[in-house]
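Quick heads-up: structures coming right below.
What follows is a pair of complexes built around subunit A, which joins subunit B in one and subunit C in the other.
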Partner chain A sequence: MSASVAPPLPGRHSYKVEGTNINFAHGTTCLAFRCNGFAIAAADSRSTQGETIASQAVTKLIKINDYIISTMAGSAADCQYWSRYVGSESQLFELRNKRRMTVAGASKFYSNILIQYKGRDLSVGSMIVGYDDFGADLFYIDNDGQRVRGDIFACGSGSTFALSVLDQEFRPDLTEDEAVELARKSIYHATHRDSGTGGQINVIVINEKGTNWVVKQDNFELFHKYINDPSPYPLQ
Partner chain B sequence: MMMNQLVPHQDRNKEAKKNEWEPYIDNAGTCLGFTGEDYCVIAADTRCSNDSYQILSRHVTKITKVTDKIVLATGGMRADYCTLHKRINYQAEMFRYKNKKEISLSGCARLLSNILYNNRFFPIYAFCLLGGIDEIGQPVLYSYDAIGSYGKSKVGAVGSGGELVEPLLDSIILRHHRQASVVPTISNEELPTTRGEDGKPIIPKGIAIEYAHQALVAASERDIHTGDFAEIYVITKEGVERHMRELKAD
Partner chain C sequence: MSQSLFGFRGKDFCILAADASAQASIVVIKDNLDRIFEADDHFAFGCVGDPGDDTTYSDLIVRNIQLQKFRNGYTSTSHANANFMRKLLHDGLRDHPYNVNIMIGAVDLPSDMNDTTTERTELMSSSVLIEGSNPSPHLYYLDYLGTLVEVPFAAHGYCAYLLYGILDEMWKKDMSVDEAKRLLSTCIKMIQKRFVMQQPKFICKIITKDGIELIEPLNN
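Right after this comes the complex of A and B.
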């Protein structure tokens, strides 16, 4: 099963609060998928405010706890704050129940918060990726209250580009190294085609040992890496 | 009613806009900050402007010293950031009384984020830079948006001239975008000679202050809302220094 849902983007990639001039971060590519025994989360690092690049080094993969990652697309503050909140609640859960929160549990908790704020212009499109007693798990949630379990998701303005690369080469029996390379390649191609996506590429592997930050690479290096790949459209 | 119908549609919209409640004014101004080896520099101009071309004041501070190791600089709406600075100072003071120690930089950063996000549905029109020395003695700078998203960064610039200053700092302080294949090699004569492990020049504190000043001079040259004076704070382990420099008053 595969699905891609971009967060609602009123206007272009910027979001304006009624009556103010405040633009919030938008424009992203995040992707996540799960294979046998592990899951991958990857994202770019560009943050835009309107047409300006506010930062090229944003961490869009937020640790909820040692075994769960949430990716952020939409308003940076909404994603950051509520991921933080779910993180602290998952810690409390662990202390109370002497076991880790499941990915399904964390994503439902997060989703329930978003439902409470439905219609109040929160802007969140997030993948909750993690590893729990039932294995690697992956959910997509957004500010409409939608919560879907799946194997492949991508999110944000560059998600369509990332998915087209990802879908072509994805197999459930990918090894970790292959999966990391595929994630990096997918995000790279999104940075190439979508101006809202760029900066560095971050990839995280989540398996039974926890989260492992495997790649943090500047896009510029990747350009030279992938430009040498045999291409159906050779450069002039 | 009849009168109303005679008014062209567009004009009616204009009429409606006039009566709309506008809670925000952008008093503008530029704040910038960056970290060095053992210091953090935060600077801002001291002009407070109207939404239009008027200058309301030339001697307005945008920077608050929260503790001996933390400094907060904010651009945006003056009423909002004055209140914000007051609230941060109050919280820092209460922390001092309750815990008999100063609030840490990362703690203060999280506190500021929470205050901003608590006003998510009626945002505080303030764009913040929070800099200082953290718990392990490292200089750190945090930059924020108006509703509390924040992150560590080596350089940061917010406010009306922020978009002008930030690429300048990227280039001068971080020496970004200077890979030989992108930019032809430039002469390094004017640069400090000592270099760090990554080959990038280490900027001494004295020169850092000049860079901060020059960045604001550059901003005031191209942004009408920036000018008058540059207020430069340097935070080191020893404490906070404050320097005042002149900018053009036009």
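Right after this comes the complex of A and C.
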């Protein structure tokens, strides 16, 4: 018997392929936010297929180019394929135009693809995070064709847990170290409460120097750091 | 349906208001979203509907209205623009529908007040002569099926259930800007008091002969 106490979680895309028994369910937590002079992208690394954990070592932060990262929630295949596609187009853009694609440009390009495939069961929820001539920038895009600019986003089945932690301490004037710590903590709390989220915690900082992978850490190491009172979870 | 969009006409202006929240699943992902698009100096429209469709359709309209202006050298009337928007919705209805509902607010300037006159207009201006000597405000209701109606006031989505009572009761012909701002405030307060979804912020714009401006509702 399942111990379900809440309605199905948002972002836990689950769909059945017509006429088959294949049933994909995708759990994830990704978050991204923008501070003065830099942006952060963070994610867990668990991949699930229905009730099963398929992998604990998935890279959900995909490099589009040296200055733009896309986060991955939804179908891993769709996200990987189209992020790679946007990546290759951004390289061609750079060769043709002698300048890097902007974050707004890359996200619009990605979003236009998703709009073309709208209603055809693509499953993508992605944050496009990066740094360009206009500074750090951040967009949320999804398979509905929605594309919004913002300062804080989270995506996936654990996004509500991450967002609740992130919203408490976010300020635009966080230092890079504070921001990385906040990102790690937010993802950790999502791994703690969401079964679709787990494995390692990855955090990337993007600033005028490019992308910098700063954290790659197993979430189990963080239990005693973040759960102040372990008594509700006694070791027996 | 849960997004709010409404508007009304005043003496020589139109007011449009739309809630500023963007949703993904159960989460509010943005609270300062501007759904009121400014397609021309005196032509704005609010757009609510399916996520994705709203921006796709609106961008298409804004760029095409700009393109027409660029090609012709003069601004089309709001009636022409509204019918263009209607046509685009209805053309796609059976094939690739845009699930969006629109509210258009515009002010037509008489030809001698129109400052977009260029050399080219002089050659072909006869088609854009607008009768009368005063700026004329127009508010159009346009739904996803392509129903286009010119109205004094209107609302889309669930907020229509809450607002039509107020608007029927309180809207007056030839309202001043201050009266309109008070009515705006009454409407927004009503939505925030009785509608189950939280809509803490509204973006309101006024369209006058001088252009389009952001406004704040006026408390009584």
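Simple rule for what comes next: the second predicted complex is superposed on the first by the 209 of 236 C-alpha atoms of A that agree within 3 Å, B and C clash if a C-alpha of one lies under 4 Å from a C-alpha of the other, contacts with A are read in each partner's own complex, and residues count from 1 in each chain.
To be clear about the criterion, a residue touches a chain if its C-beta (ideal position, glycine included) is under 8 Å from a C-beta of that chain, and two chains touch if they have at least 3 such contacts.
What you see is a predicted model; the values in this text were computed from it and never measured.
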*asked:* Contacts for A:120 in the overlay, against subunit B (first) and subunit C (second): which applies, first, second, both or neither?
replied: first
*Identify the partner contact of A:58: answer first if only subunit B is touched, second if only subunit C is, both if each is, neither if none is.*
first
*A:160 contacts which: subunit B (first), subunit C (second), both, neither?*
second
*Of the two partner chains, subunit B (first) and subunit C (second), which one does A:140 touch, if any: first, second, both, or neither?*
second
*asked:* On the A-aligned overlay, A:150 touches which partner chain: subunit B = first, subunit C = second, or both, or neither?
replied: second
*Which residues form the common part of the subunit A surface touched by subunit B and by subunit C?*
none
_List the residues on subunit C that touch subunit A in their complex, please._
22, 24-27, 29-30, 33, 50-53, 55-56
*asked:* So in the complex, the part of subunit B that touches subunit A is made up of which residues?
replied: 20-24, 26, 113-114, 116-117, 120-121, 123, 125, 143, 145-151, 153, 163, 179, 182
_Residue numbers of subunit A touching subunit C in their complex, please._
10-11, 114-115, 118, 125, 140, 142, 144-148, 150, 153-155, 159-160, 163
*asked:* Per the contact definition, I'd like the list of subunit A residues that touch subunit B in the complex.
replied: 17, 19-22, 24-25, 49, 52, 54-55, 57-59, 75-81, 120-121, 220
